[in-house]
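Each structure below appears as structure tokens.
In the two assemblies presented below, subunit A is common to both, partnered first by subunit B and then by subunit C.
== the complex of A and B ==
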């Protein structure tokens, strides 16, 4: 007796079709799973056996062969438990497949020994992939239902137990989960935890960060310990424009695949903020593993990747950032597969100016020998620093600023200005495929950015006096363009260039 | 036949009587295939069972059924496949094929016989 249930395997951020076939015959008893299964899939036999017996079905003593087709695709993880159990129950006549003539239902889910269904990773990506292939519906663990219901055009049939899944299958799908109300999910309160207004003083730094966010420029902050670098960085997602629906789904898909989606959030609506510790490995940061998984750069997609103690990171990890910073995505190649994860991040790096942290401080002396200072900043390669548009000194806050912070601007006000600047960029960059000044190519820069006479003169002078490279010069123009956009100025004037230059000329780590 | 073999034979005898009492038809006893032996092959309705009999005089080394180790299981399973291959007709009308263990425990008093249906499968 033969039965077959459709399922779906996760492959990067995408799904691949898998057909689960079960053959049950009278022969020396055995339970075989074939079709390139990994250990978790092999162990599925014990879960399925126990779940079936404990759900009051019978597990006859016959030869059971389960095939996961196509046989050349490596199958991983516990999500095939449910389709294997369903195929077995149909093959032994204990369950009916009621989908005749209406198109089959797919199934995914992990089984507990008592027959309860546990959530699986990547339900959103699986559901999207099934929808694209025109599959009618999906039976899946109830805990994944809200997430899968984000996909418009796929019927989602939640089940809490194996018995409920059998009922869904027999009815050809009954009691579909209501499609998610996307506007409600998206318009939820932004739940501001940390606000820019919390930070006393540091007005210049805040201004620079506003410019950085407005143009999606990468930033390196340098300053003594305790100056507030981390506090500032944490507040950056709050001044970024809200995620659009498509962006929110993109971020949610990554978190779903990584198994990091919080149970009570079907949709991630806030921009990610990732702050991995400096001991992180290169695969941890950019993604990797035998079967590639998204790394921190991808988890920070469309948000902020904050690297504190920047020079302390492993060189391999830092250099691994170069490609994602350039391309906005990471491609990881393995023998059997090559996967691309999105990684369009704003990099916010922070460092002390020297190992002791007080180089250039007004009140405390630096105790580092000169060669240690050189060594410290030389860990950052030129090509990496090249991708950072703004370099800021974050000084310690003088006492009078610490007391008089009452009038600091709230994040919402800043966010409104940033949103305005982003709109103007989007209008100007229409047709280039980019959305922010930082990503402009040199060609677009020449064509789209107009400097007035004074600005050109100032830039030429700076080019000579500061011995800027041509690329550095382009970067100055990009940042100046963002400053102009914040003011809604039609062209770049000398004040914009001057401010932009001020984010460029930084003493210690600029060789 | 030495004392140990006598003890084993007696246990198999007890197991066979037990099966017959419970409605099984014995298709074979001490079936030799090559160098191996299947203790009992029995049929009841749609069920065909290959039965391994294991006896213990004392409990000092654990229960008899625990003495049917991985090697023995593989051996029995392999012999059963050979037995079936030589007799394709034996599967007519059969739904379930099982590997059972009958534990004859002389360590308890009185001697107890435990029948463990579907004690193991081909894959362990």
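== the complex of A and C ==
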């Protein structure tokens, strides 16, 4: 007897339709799975067999063929356990497909040997894709229900065990999960413990980071160990504008696909902060693998990617950052597929000024030979540095200055200013497809940024005296524009340019 | 070593000093002190230590300086008294040495007696020769990085004065590489030195060396052969004796060739003979003039190694040519390689390495004298906050946060003010986010 159940395979951040067909005939007992299954899918035979027997169904000695169509799409992972089991049970007459007339239900889920359903990765992306194709509903593990319920227009039928899934199927869908209340999810407590007000001193750095966040500029921080670079970076998501609903769903989709969605969070409402260690491989950072998976840049999408010990990263990994920094997305090409993951990040890189870390420190001497210092900073290529707009020196703060931080601003105050600046940028950049000053092209820059006379004069003098390149000049203008936006100034004046100059990227021999 | 007869009195004016030439007094003082330093080692170092900075040394009167120098002489003489009980041969050498010391001290005393103005005039009276003082525009800016820079350079070339000035200007502007090594190279070392000298010259890099036997001479000869016929400055030799003194005798031909196509440069005055202590001093000037030093072959305790150490201290690139393992001549280069020096297999390696070394004459800031501070404050008077920032920096280098605290402005205002000062060349950011006043 023949039966068929709809399912969905994950492909990047998207779903691809898969039809699971089961054919049970009286012949020498065997259990085949065909249709380009990978190892996890092959092993699904054992899980399905055990789950069926342990759920008090019978597993007849017949020849069973399961086909995952289309046959040319590679199937991976354990999420086909449930549709295979359901198709088998329908084919052997132990379950009924009660969907006649109302449109079929799809199913995904991993089975335990006792018949319980385990959560799968990417449920949100799968649900969205099903909804787009007009599928009526989805039977899936209860642990994934809250996440899939974010999708409006798709009925979600949670099941804790195989038996419950059979019941849902027989009824053509009953006991749908309530749709998620998005406003409740979004209004969760946004602020965590880490606040800008915790950091004493470092006023210039904090100000520069505010500018960076306001214009979505990438930042390079340089300073000795213990100066507080990591502490500052960790507090950046807190001064970024809160995620909008669409943004939150975008982020959640990525985390769901990566299998990193926390159990108790259906929706990720905080901007991500990712800080991979410097030994990370290039695929780990930008994404990759046989079947491409999102890397750290995508996990940091709409948030902060913090790279400590920046020059210590593999050159291949650093060079791989260039595309995401430029385009806001990563494209990974494989023989059979090419996938694009979003990666609109704010890059916050931190480095020591030299291998020992104390070059320029006022209390400790640097012990590095000059050529080692050069080698160290020369690992950062020009094209990569071109994508970083601000460079900050983070000195160690002497204890007496650390105590005198009475008027440190809380993150919420800064966040309000940043939000204002972002709004002004959006208004100005309307029609360009960009949302922040950092992403202005040279053409937009000429058209949209107006400098007053003094500002132009100062920039010209700086161009000559500081030997800025044309590109460096553009960066100075972009950052000055952000500073003007923070002040709600109609045009860029010389004070904005001057402040922007203090954050410029200096080549290491400039000092 | 013989004094060269070719040094003749000059007819015309000596060197174009530039429109903003320093007062004659300061210049005469440079030449006087430079000549004195030719006869006694460590003199400039001592004066700089006593006075603080070179420009403060030059602010002192000759009498004050003579007093400082006089006290140094006493110390030296008391150290000289030693019993002589060694073997006769050693005795003879020691006697000869003592006699040389005696002659040097006599010359020193004669110069010390002279009026700086008279002495400067006397030193500058030769044709096809020039004296460049520390305060002259043509003084190579790279040398200012030295803690004890030569206070004047004695320069000799077989050409007219205007041409010498052109060549000095080229020396200031062209990226230079010092090729140094043993006086007794292997055939491989000779080959490498010649190839480097040739290829670097072809690629527009100025080859600097010490005109010693062996690697130095080979590299410089190759540079001259490779230089285009119309190239004004083929190579520069930095000497450990007066630039009119022929030493070593075996290189007299090459020396004449360098004088014709390039420059003979020395911090030692006319007629100063070669002495062992003058060569390390020469090496320090060589290292400072060059953006990079290539060590071809040398033992672990050799002049080449000393040059490399000076270069590292000055932040110059040091490259080493690899050689055969375990040979005495490859000790110095291999030791450098072991400590992380870039490998040098061809001129391309050198060019790649020095491309990152950047010279900025302005950035080689020294001290800030009172006149400059006065000028700064005058400039700042048009804007109260600007002068406030300047006054704060005058108290010492500080970060933008500290400037903001001192001046009672917001930190972003402090950043902006500091940037404006930086654009005007009045402040500079050093490492660690610390700004300091900058000599304009």
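One rule holds in what follows: the second predicted complex is superposed on the first by the 503 of 511 C-alpha atoms of A that agree within 3 Å, B and C clash if a C-alpha of one lies under 4 Å from a C-alpha of the other, contacts with A are read in each partner's own complex, and residues count from 1 in each chain.
One rule holds for everything that comes next: contacts are C-beta pairs under 8 Å (C-beta built on N, C-alpha and C of every residue); 3 or more make two chains touch, one makes a residue touch a chain.
Please read these numbers as outputs of a predicted model, since none were measured by experiment.
S.K.: Looking at the combined model built on subunit A, do subunit B and subunit C fit side by side or clash?
M.R.: fit
S.K.: Where does A:61 make contact in the superposed view: on subunit B (first), on subunit C (second), on both, or on neither?
M.R.: Only subunit B is touched by A:61; subunit C is not.
S.K.: After superposition on the shared chain, which partner residues are touched by A:378: those of subunit B (first), subunit C (second), both, or neither?
M.R.: The second partner, subunit C, only.
S.K.: Please work out whether A:394 is in contact with subunit B alone, subunit C alone, both, or neither, and reply first, second, both or neither.
M.R.: A:394: touches subunit C, not subunit B.
S.K.: For A:93, is the partner it touches subunit B (first), subunit C (second), both, or none of the two (neither)?
M.R.: Neither partner.
S.K.: State whether subunit B or subunit C is in contact with more residues of subunit A in the superposed arrangement.
M.R.: Touching more of subunit A: C.
S.K.: Taking the superposition as given, does A:359 touch the first partner, subunit B, the second, subunit C, both, or neither?
M.R.: It touches subunit C, and subunit B stays clear.
S.K.: What is the contact status of A:26 with respect to subunit B (first) and subunit C (second): first, second, both, or neither?
M.R.: first
S.K.: What is the C-alpha-centre angle with subunit A at the apex and subunit B, subunit C at the ends, nearest 10 degrees?
M.R.: The angle comes out at 120 degrees.
S.K.: In the overlaid three-chain picture, find the nearest pair of C-alpha atoms across subunit B and subunit C and give that distance in Å.
M.R.: 61
S.K.: Of the residues on subunit A, which ones does subunit B touch that subunit C also touches?
M.R.: none
S.K.: Which residues, counting only subunit A, touch subunit C once they are in their complex?
M.R.: Within the complex, subunit A touches subunit C at residues 201-204, 207-208, 223-224, 353, 359-362, 369-372, 374-375, 378, 392-395, 397, 401, 458, 461-462, 465-466, 483, 494-496, 498-503, 506-507, 509-511.
S.K.: Using the touch definition from the top, list the residues of subunit B that touch subunit A in their complex.
M.R.: 47-48, 50, 77, 80-81, 84, 91, 94-99, 117-118, 121-123
S.K.: Where on subunit C does subunit A make contact in their complex?
M.R.: For this pair, the touching residues of subunit C are 312, 315-318, 339-342, 356-358, 360, 363, 399-402, 404, 411-420, 422-425, 428-434.
S.K.: Provide the residue numbers of subunit A that touch subunit B in the complex, in ascending order.
M.R.: These residues of subunit A touch subunit B: 26-32, 45, 60-63.
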